[in-house]
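Presented sequentially are two complexes of subunit A, the first with subunit B as partner and the second with subunit C.
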Partner chain A sequence: MARPCLLLNPTSRHGRAARGTADRTTPMAQLQFRQALRAAMTEEMERDENVFLIGEEVAEYNGAYKVSEGMLDKFGPKRIIDTPISEAAFSGLAVGSACMGLRPIVEFMSWSFTWVCIDQIVNNAANVRYMSGGQYKVPVVFRGGNGIAHQLGATHSHRMESVYARIPGLIVVHPSTPADAKGLLKSSIRCDDPVIFLESEKMLNELGEVPDDADYTVPIGVANVERQGKDVTLVSYGRALQRVVRPAVKALADDHGIDVELIDLRTLRPMDTKTCIESIKKTNRCVIVDEDWGYCGMGSGILQKLQKPAFDYLDAPIEYVHSDEIPVPFNHYLEEAMMPSVDRIVSAVKEVCYR
Partner chain B sequence: MSVVDEVAKRPATRKPPESNSAAKSDGSAERARLRLMMLIRRFEERTVQEYQKAGQKIGGFCHVYSGQEAIAVGISAIFQKGKDQLINGYRCHGHSLALGMPARDCFAELFGKATGCSKGKGGSMHFFDAEAGNNGGHGIVGGHIPVGLGLAFAQKYKNTGGVTFCLFGDGAINQGTHNEALNMASLMKAPVIWIVENNGVAMGTQVERSSAEKDLAERGSGYAMPHYHVDGNDVDTVIEKFGAAVERARKGEGPSYIVADTYRFRGHSMSDAMKYRTKDEMEKAKLRDPITLYEVRLREQGLLTQEQIDQLQEEVSKEVADAVAQADNDPHPQLEDRFDDILAEKYPYQPK
Partner chain C sequence: MPAEITMPQLSDTMTEGTVVKWLKKEGDKVRAGEVIAEVETDKANMEMEAFEAGTLAVIAVPEGGKAAVGAAIAILATGSEKVEDVKKSGSTTAKAAASAPAGNAVARPEASNQQAAPKAAMAAASAGQERVPQPAESGGAVATHEAASRSEIHEPDGVGHGATRGPAHAVPPLPHGNGNGNGNGSRVFASPLARRVAADKGVDLAEVKGTGPNGRVVQADVLSYQPTAKQAGGATEEKTTGKPAAKSEATAPARVGTGEKQVIPLTKMRQTIAARLQQSKQQIPHFYETVDVDVEALSELRERVNKQLEKEKVRLSIGDFIAKAVATALVQHPAVNAHYDGKNNQIIRYGDVHLGMAVALPDGLIVPVLRHINQMGLKEIRQRSAELVDKARGQKLKGDEMSGATFTVSNLGTFGVKEFAAIVNPPEVGILAIAAAEPRAVVRNGQIVARTIMSITLSADHRAVDGAVAADFLRTLKNLLEEPGLMLV
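For the complex of A and B:
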């Protein structure tokens, strides 16, 4: 399997301040998304000797995307473990060891590669607790790059959130800021359930303010109202939010006078429907944006959760902006064209606002 | 040469090895092993009867262990409770009984009752007893092999001194997980014993038609670990050969790959009429019935009389009948219980 190696760009295009539950007096550090992930893993490994990291090139190579840089030196080969290219074996290993009380963090270089080990994640990680009548806890975190990155072609660009978010027994998390990445990853490592933790290769260089308090966490299952607004509720998460939704929200305010209430879901399962519905009660309009394919995509699932409880408050049908339903093309322009854009979001918002 | 032919040419009885301390015992351990094999057989034959009763009393897929008892019972003789772990794929009834699961808990699970070992949520393919070190019963062929690696990894990580018995059938060795997990186990020197319960047929496809390498122990080569066959119908051989692999693993020398050749007296599942087998083959296999072989040996060694054997048979028949009666009277789970045991923690806005 050919593995991509993205250039590590130290400069960020969208440095942003952290939000979330951090105490404002908490000291902040300006960290890249990857550094925030590393800080979360490092702090949790210092706190609990049952936590270990396993995956391809996480140790000697310092991580394919340098997320685990320096961790082998700090924790040694017993706890930072290189594997062969054997996703089924090491994801299943993590499940077995979690059943025995360890707390593994599995790094997948790309979630696209997990098509070969979905059996381990679904039949073993998600099902074993239920099938055994509750005899096991499975505290494992599976994390890695999800979605379209940059010209990786059809096989390496899968958005796996809708694949996993439909599975009872799994928690699915997709942060969109470095601060949330740290806080949610720490919560995920401490959590007694299997967590699908989705990142994006393209977000790893993003800078943001990140609390350096060892007790800083962001709760699983709680959405973040990132921006208050009165005209329309925009629901998104992860890379789409970072890449196009925030610029679209700015364009809508600046160019069209539309005041968007922006919700970052952060956790996709269990989904915080309450925050979304409260917002729709206020705005009476809703647009969902993600980079998944539309049909049976993540947004379809979100829509299904919102449609009925929000129906009496809606002045327009909920719109869903998603990627074109084609395999992800290699060509840079085609790849860009298939994804949600600022323009597509602006049109969808204008449509639900009858503007 | 088929597996049956191969095992048939071995002697019907043999002396237990000198090194086996059980040979010098008063015979109580041997009697317990024979009783356990008889219990598993009686349990499985009753399971077949219960399955065939009207009204979907058991339902679903059901794979019985009749004929392979010497492997599970041999393992139970060397398995250190509280330390060792076991995980297997199909035919988990025998392993669960061998590790001490009460027959009543097993029948209750087969009947889907709340008192079942998995509260009626697992069924025939998913018997679990975490406290006993019995990690199931897994329904996807080969899917549990990496999990077995993980159990052994944790034993090494925590330095417990325990080993993991990971069992699978000859069908599972053609799954990719088999290659991946064996390779990683050897690299990690994980304390795991890979055990192929080779009953000669993967569902309805004979080994000769499913494995390019006919000598299944060779499938363990290429991973830098000892790999060999044992007679899986001879409980003493199982104890001796598996015991050696366990000692090796406990010393930190890593995994072993053992092919236990045996024979499955029933079909793959209840719906399997076994048309791929000849009468002649099955008659020949019965001559190598692990229970009969062991009875003969214990009689020859003067450890048991025929009357005592008959007495044991009566005991296990009663135990099984009582277990069925109890399980029959046990309650089904409450309907709202279906939402329990999905996640360990509570989250805000968790859907029911």
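For the complex of A and C:
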């Protein structure tokens, strides 16, 4: 029973293509990020009856951010399951059902709420396969909005990638385009290990070309060299790419004549170190950009993976552009000010290029 | 906006300079293009011009003070701002900047503040591990001094070094060059890539001027350090000769055998000579070929010609004839008139001859270059070389007058040297050592006769020149000198 949403109405233009009914013949469709996610879940649920979706408001309300719009109508209440506000409980339920052979997709309204279910995700999901000597697999996907969105305040704005990416046993994925969102989510649902699938509320409206193909997947653990360049390697992922990195790369090329090689990591664990190193061998310089806090932030981990193998190829220390280390302010301007900006990226890139 | 006046790089190898003289004082008006100071580089004294008009607000480096290339040595008030304000805001930075890099920076006393001392000790300690030990007499003191000044550069930007912030955190322009150009025992900052590239190329990092933050040597510095053969003007440097022996004779103290020990600190020029020639001898596979030239015909010709030129007050030297003959022979043997460019796996042969002539100075030697000598007559060679030698002795040579030679001649004939071999000055592939012309007993038609003979020795880089090629060149040269008329052909 789809209800129209006053704030967000993603189905209006592209909804049909997302379900893959009317436009089957078109190989690519313009989809929003949220439609790409929905397409991935829908196709995988059609393909495998063990896949189900669980979370707050995913069913009757069509998803807090309308990612699961229409899915209750299509798959019914046994596979699209509404829960009370009880993250620890339903994430635990998902881990248990995954151990028993189902393939749950857990939607968190915000990854900031998962501090209460870290026990289920870290102590259980990440460890069960190892501790059972492989007798149990945990094919669960935890997905939802990650990081700073728009004036949600400090408690809703946590960047959780560095929290989960450090846990062996978990796979952490953070797409930056609708096409990757679909392909990576499909790979995640098919994966036999627990996947932390990070999105951003602010990216859900982003449009992009998405292959309309049930067999289309993007492999986990492979970075995308989004732009070839010779002067500096810029490593980023997720929303930072869309919000500031791509504009910064353009500004660097247009205004400063600096040719950036841009790498979208796509998967944060396991990280595609090789692609980054190959690029640094070419450019001799590296800047990492994310929206995390710097100390023990995701970029610190990336930096640690790169600096030793790249050491002899570096002409400058690797720079890491990150958010200010303060609780995320509610005020719009302060929120913007704490995050990496085009200017900060440009100056970091110039610094490593000695320009 | 106040403008910084920085130590200019007046020659390819210059890493720091000394302000010999300020021609303006604080408060003086300055026009753009006006000469405001005299600066001593590693090779010569040069005049420094102002690029902008304004009022000289702050002199950060006093006369006699040193500063690294790129370091601020003065601040110019160029706009409507008050000189006093500029003085206040600018002087500290400029002084710190100027005093930091130069080892024995004179600058002003407040530069060495309380912070420096403990760090100096630390830095000096680490310097000891890092680099070649210094002679005990002077090394320790220099290293400490250097370290003390270096540690001051670090501090100001310690906070913002994350550089992840916007322009607000932009690090103030640090003095470039960490003084490591002279390799006097302090730690060399270099990027890992620069270290690797330097190791591959056999470049001593201590000799390379770093242009990165804190004077860090980066890849580009190492790559540009190797004298690039591509631009003729890019080549540089002290040429070689066997001269040190002769020179020390010339400058030997008047009192001999006093028993006193003298410690002579290396001048910039001496350091450059040492580094370059060591590099040349270590990296270039030298070989040597000597021929004896009968110069009687040449001497006769010279006497006759000089007689004719008496009224013009021109007197050609044997050296002028040799230069002419060498130029003529080089045109016929371009394989010897060449640069070896190992970096790009190529040899560059030059169509024109730019002849370097080693000139001994009281402390060192320098090689002025006679450009396009192959297009000159003897009179022009005489005039131009006299002019260059004068300039060289007065340390007034300009950059392009001492770089870009395609071949070099070193003449020790006047010292009575019988025979010697000079060291090739890269990227050139050959150098000719001219010894004294002297009467020798030689065999002519089975008879022993006395003739005036001069031994000339070609040192060549075997990577570019083979033995037979060198011999062929020498044969041509010998013919030209023994039959000087051939130079007209």
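Going forward, the second predicted complex is superposed on the first by the 330 of 355 C-alpha atoms of A that agree within 3 Å, B and C clash if a C-alpha of one lies under 4 Å from a C-alpha of the other, contacts with A are read in each partner's own complex, and residues count from 1 in each chain.
Here, a contact is a pair of C-beta atoms (placed from the backbone, for glycine too) under 8 Å apart; a residue touches a chain by one contact, two chains touch by 3 or more.
Please read these numbers as outputs of a predicted model, since none were measured by experiment.
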Superposition on subunit A - do subunit B and subunit C clash or fit: fit
Subunit B versus subunit C as contact partner of A:313, first or second or both or neither: second
Touching partner for A:169 - first (subunit B), second (subunit C), both, neither: first
More subunit A residues in contact [subunit B versus subunit C]: B
Touching partner for A:351 - first (subunit B), second (subunit C), both, neither: second
First, second, both or neither for A:130, with subunit B first and subunit C second: first
Three-chain overlay, closest Cα atoms of subunit B and subunit C, distance in Å: 25
Residues on subunit A engaged by subunit C in the complex (per definition of touch): 284, 294, 311-316, 319-322, 340-341, 343-344, 347-348, 351, 354
Interfacial residue positions of subunit B with respect to subunit A in the complex: 85, 87, 116-122, 126, 128-131, 135-140, 143-155, 157-158, 176-177, 180-181, 183-184, 187, 340-345, 347-351
Subunit A residues touching subunit B - in the complex, by the definition given at the top: 52, 78, 83-84, 86, 88-102, 116, 119-120, 123-124, 128-139, 168-169, 171, 191-193, 219-222, 267, 270-274
Of all residues in subunit C, those that touch subunit A in their complex: 162-167, 169-171, 191-196, 211-213, 218-220
